[in-house]
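One chain, chain A, links the two complexes that follow: it is found with chain B in the first and with chain C in the second.
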Partner chain A sequence: MSTDTPTKSQEAAAVPPPGTASPKKRAPQGHRRLLTRRDRLTLGLMAGLPTILHVALVWVTALASIALAFTTWNGIGFDSIQWVGLDNFKELFTNNPQFWPAVEHNVVWFVVLILIPTPLGLFLAVQLDKKIRFSRVYQTAFFLPVVVSMAVIGFVWQLVYNPDTGLINSLIGANEPGHYIDWIGDPDLNLWAILVAASWRHTGYMMILYLAGLKSVDPALREASALDGANEWQTFKNVIFPTLRPTNTVVLVVTIIEALRAFDLVFVFNKGAEGTELLSILVTNNIIGESSRIGYGSAIAVVLLVISLAVIIPYLVATFRKERRA
Partner chain B sequence: MHDLSPSGLSRLAPSRRTLLRGMGGAAVLGAGVPLLSACGGSGTAADPKTVTVGSNASDAVPKKAFADIYAAFKTQSGITVDVNTKDHNTFQEQINSYLQGTPDDVFNWFAGYRMQFFAAKGLATAVDDVWQTIGGNFPEAMKALSKGEDGKYYFVPLYTYPWAIFYRKSVFRQNGYTVPTTWDQFVALCKQMQKDKLVPIAFGDKDAWPALGTFDQINFRANGYDFHVELMAGKASWTDAKVRKAFDLWAEILPYHQDGAVGRTWQDAAQTLVSKKAGMYLLGTFVGQQFTDAADREDLDFFAFPEIDPAYGQETVEAPTDGFMLSKAPKNKDGATKLLEYLGSPAAEEIYLKSDPNVVAASTKADTSSYSALQKKAYEMISGAKHLTQFMDRDSRPDFTSTVMQPALQKFIRDPKGIDSLLTSIERQKKTIFASS
Partner chain C sequence: MSHALVTKQRTPVRPARILLHTFLVVTALAWLGPLLWALFAAMRPYAETSEKGYVSWPDRLSFENFTNAFQQSDMLHYFGNTLLIAVPAVLLTLFLSSMVAFYVSRFDFRLNLALLLVFTAGNLLPQQVIITPLYRLYLLIDLPGITMSGKLYDSALGLVLIHVAFQSGFCAFVLSNYMRSLPHELTEAALVDGASVWRLYWQIVLPLCKPAMAALATLLSIWIYNDFFWAIVLISTGENMPITSALNNLSGQYFTDPNLVAAGALLTAIPTLIVYFVLQRQFVSGLTLGANKG
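Now for the complex of A and B:
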């Protein structure tokens, strides 16, 4: 966090000069304001427009969906909105056979991402940081899945998993009647099958994050620990990894976000059939399309919002506290 | 990478660059808003020589077929048809907001509950005057399909296609199979096919709607058309013994269905029929799209789903029907009426069928001489039907079928033993959905 203060003070120092400089130039014309009209207009536009857009597109919509969560609405005319209190939530918690599995799958998604691709990404980053040959080639190869859109990843992997013509079943001969392995439809398998695809992508993402973190580790630290006689593992465990703390925070936040917003991959893969239900998919299925259960879908979205807040608020509190200390 | 550094994430003071970026974004969004609002309608003022049509015919074949119809209409009436084509699925998903905004004068839609729903919400205009002209072209069953709940006409049908069990004539000939007409014969045939190392019934339910079709067939064969209507309308209970019986019958033939159905698309399932690995396949006539080879196509045939209860025989045919509706406030009502009258004429249907050989005309007046053997059979099946149904997701509330029935039937296919709790859950969810307006 120490890097913060210099940046800010630099900016603070950089802003006044243009402001004070221009009135001086214009002073003979009679303007004695700190900022010219044009400056103020420009600033007003620059600050105002994004504010209006932010409020309209983020806050108003978020609050509207919270309000809609307590109503039932088919999306046709505003007069068809009916207040139903907590009915949507009651229905969701007690009657919807897909809701609790969806919550569970979002959690599983996060746990798997943090347990498998994250350490793997760190491992790859450490290897690539050793200045081995063709490092750039490996970096590109591992990072490539991150560049590809999730929808494309979903499409590619459902071809791999296709029960009849897919790569896996063809290789192991499981595409004959009686031997089918239904990677896409079997609820005991499909979540794991998709998580392989998700991890495949996430590993590259984590690798790049850690690689950036490792590049900023002071080489003097390595030298010092080498002089103290620490072997490679000890150096990593006791010296390098602790200095990666800021990166770890980012990794944690990014992974939580990935787990909560997981949608496109699964939607393309099997539209969230049994075994792969996710909150985001339930929201979409209920709101978008002809079904238009807007109130009910909003209730699911609110649950997703509450979960996100439960994760993000402690993080923000911790960050602010640290900043204040600094 | 700058934004990913720890200081980047917690940075509070916006730099000038982010402000500028925001401005750029705002400009892009600002430019986007008028574009979005322009998507709704064509925006042309009432021009007596132009009718606008909102079309979901985004595939090449139907798009060309409709263009031919509109060209013929122009030479006949002098009215230009301005078509606004959208992707088929997108059109369907946006239908609510589309009809509430500034819809085109005439739009493509489906018969059945899905049509009645928008008619009841006042989002469509009744077309009784059109039917005074075209009424004689259609059989009674089609007339019933085109009416709203208030008894007025809201729909002009163009084409239809039946759901049936498809098979390859050569496979049946080689193995000496005969077409089953009763449930017992059907089950016996399934057993025989399994002995002959065939997959008796090809099946793919990855898209979640094909299973709705299987349930429909078993349900109206076992419980009759009236019960189907009551069940779809949310009046009959899903915990009714009749529903349970339909599922028991389904569970009886489920072992003869292709394995791993939930992971397979209908196209892949159809390919097993094409490659003669499967003996039968229950689907709509659009299965013919997968038979690209002319000889294979010749070999394709179908039969009606076998009788279960003699009281109902094979009197009901599931025949989804596509056609046109008139939007709530058409800009050129006279022109739109003329267009609908033309679309309800045998001439328009004949033009359409020339390009799309997988469907048949909704009108009984259309010329059937150019039909393929398969089309002729489909036509006979539909015109001989006592009752026509649409399809579960067209006969019932789309919110119920898509959020409750589709996942429920996928679950049943995988685990038929859990049927009791499944039906209780369906009924509970149904009550909430049908209670809301």
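Now for the complex of A and C:
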């Protein structure tokens, strides 16, 4: 029931309230005329305080990341900040053996998430949307990993992957000396091992998003398609999937952001050792790791920022434009 | 839909349905597999598993590892830390973001779209983009006598602030959509009657937003409880860490064998699981309410 609220509220917002001739501008302005000076002050504070907190801690720091990326600083006093131009980026792009692998791993992370758990989540959602029995029980099982923290997931999967005591090696007899398969340490394997765990979690998340999307598909479409003699797959391909477009956009953005944010799981697993470097891990290593290079770490953060904004801004602009049109 | 369904349900169970259920049962069990495996490992004594291996028939199952993990590492202390961070953070986030949403949805000043855009975009950024300057900022801000460390760094207050700042973007977006669906006449009438803006917000709009607020509160509690990154970077004293981040230190210090690690990890997951099972509907609706969450 309550899962319906988002679509409902959006629809309600889209339909002009009855009774007012040109509701878009008039109602709010009517509001405005009635305000006393004290009301205006209250409003200013209500909007201002949260904005200041948010902007100061999120946007000012993001801008500071950009500024610091062109400097070197040892963190002791502001005098020691030195402008170095593009040096940090030059070193990053040409001289850091971890940078390009990290970029590659972030890309692989995204590609795997979008190719395996996302379609799987959609598939599960379609099956569970068929009004079958125990649908809720299945949903709970698939969604459980999304509720548990990434750190816990990391520890749980270590029990599966541990070369000595883990489930997999115990089952296939690879826990004897000489037969080791080092799922966590081997740079050719560890990224894939972690991605299994990440996909395990991502599937449930995608399933829930698609289930919500499917609930808002007009049942008449399905009936019409069935009357036209389309089979299940044809109906899905030609009728249902195209109407899921808004959900697909959300899914795409969520998956990209997840791939850029990936951190906890890898940190718990092996601290981003060889084979599992990620941009987020490199940034963090420049803060709490042994090499505390503020300017250099910021340069990596800027790379992350640029990629994220390239996704976030077009998406939000499209979302808000649609809302304004409505 | 109803037509098709009624006829479907009346026909005897079709083979396709049985196949589907078989598939779903197998997949669902496979999905629970890693967690069940952790539970299995956590319930066996270390002596037995080291002798017989982990894939073996258990002689004895008990909750001993759980009590040991809980007591040896003083987990209660870390749960307390989490509570100290999560409760104020959730309340403050809801309070601040509902005010912004109220302003944005009820008073159509030209600014509002830009404001909402800034909030939502900020929430979608990866945390690592801002962590370096944030870390420095937290070290710079002196708060003698207010926090234990005398700084914003290494304090519960620092974590509360960044959680509030970061999460309020998402909540403001969801709540403003919700408030926009409330009829405008409602607040207009009250304004005409001379009610103050604050009363409008506190006594008329907020009570109507209870369902959305409940959903967001559930979601926020789980997110903040599960946070790992902020505390790993912004807290230096192990003692001050919330439980999820503390797990990382504890696993080296106190959880000396895989069975104890499993028990510790599962204990950490229990509060989120309880919240999820009790408030599943709120959680899911919150997540889909503002599906553009990253």
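Keep this in mind: the second predicted complex is superposed on the first by the 274 of 326 C-alpha atoms of A that agree within 3 Å, B and C clash if a C-alpha of one lies under 4 Å from a C-alpha of the other, contacts with A are read in each partner's own complex, and residues count from 1 in each chain.
Please note the rule applied: a residue touches a chain if its C-beta (ideal position, glycine included) is under 8 Å from a C-beta of that chain, and two chains touch if they have at least 3 such contacts.
Remember, predicted model here, so these are calculated numbers, not experimental data.
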Which superposed partner A:P101 touches (first chain B, second chain C, both, neither): neither
First, second, both or neither for A:L49, with chain B first and chain C second: both
Which superposed partner A:V160 touches (first chain B, second chain C, both, neither): second
Which superposed partner A:T61 touches (first chain B, second chain C, both, neither): second
Which superposed partner A:G75 touches (first chain B, second chain C, both, neither): both
First, second, both or neither for A:G121, with chain B first and chain C second: neither
First, second, both or neither for A:D39, with chain B first and chain C second: second
Partner chain(s) touched by A:I312 [first = chain B, second = chain C, both, neither]: second
Superposition-derived comparison: chain B or chain C, residues of chain A touched: C
Overlapping contact positions on chain A, where the chain C interface meets the chain B interface: 1, 3, 8, 12, 46-47, 49-50, 53, 75, 162, 165, 208-209, 212, 247, 250, 253, 286, 288, 319
List of chain A residues in touch with chain B within their complex: 1, 3-4, 7-8, 11-12, 45-47, 49-50, 53, 72, 74-77, 80, 82, 87, 91, 95-98, 161-165, 177-178, 180-187, 190, 208-209, 212, 246-247, 249-250, 253, 270-271, 273-274, 285-286, 288-293, 319, 323
For the chain C and chain A complex, residues of the former touching the latter: 1, 3-5, 17, 20-21, 23-24, 27-29, 31-32, 34-35, 37-38, 41, 49, 53-55, 96-97, 99-100, 102-104, 106-109, 113, 115-122, 124-137, 139, 161-162, 164-166, 168-169, 172, 177-178, 180-181, 183-185, 187-188, 191-192, 196-198, 201, 211-212, 215, 222, 225-229, 232-233, 244-245, 247-248, 251, 258, 261-262, 264-266, 268-269, 272-273, 276-277, 280-285, 287-294
Contact set on chain B toward chain A in their complex: 1, 4-7, 9-11, 13, 15, 19-20, 22-23, 25-26, 29, 92-93, 95-97, 100, 114, 121, 123, 199, 205-208, 258-264, 268, 271-272, 398-399, 402-403, 407-408, 410-411, 414, 425, 428-429, 432-433, 436-437
Residues of chain A that touch chain C when the two form their complex: 1-3, 5-6, 8-10, 12-13, 17, 19-20, 23, 25, 27-32, 34-36, 38-39, 42-43, 46-47, 49-51, 53-62, 64-65, 68, 75, 124, 127-128, 130-134, 137-138, 140-145, 147-152, 155-160, 162, 165-167, 170-171, 175, 197, 200, 203-204, 208-209, 211-212, 219, 222-223, 226, 247, 250, 253-254, 257-258, 260-261, 263-264, 267-268, 279-280, 283-284, 286-288, 294, 297-298, 301-302, 304-305, 308-309, 312-313, 315-317, 319-320, 324
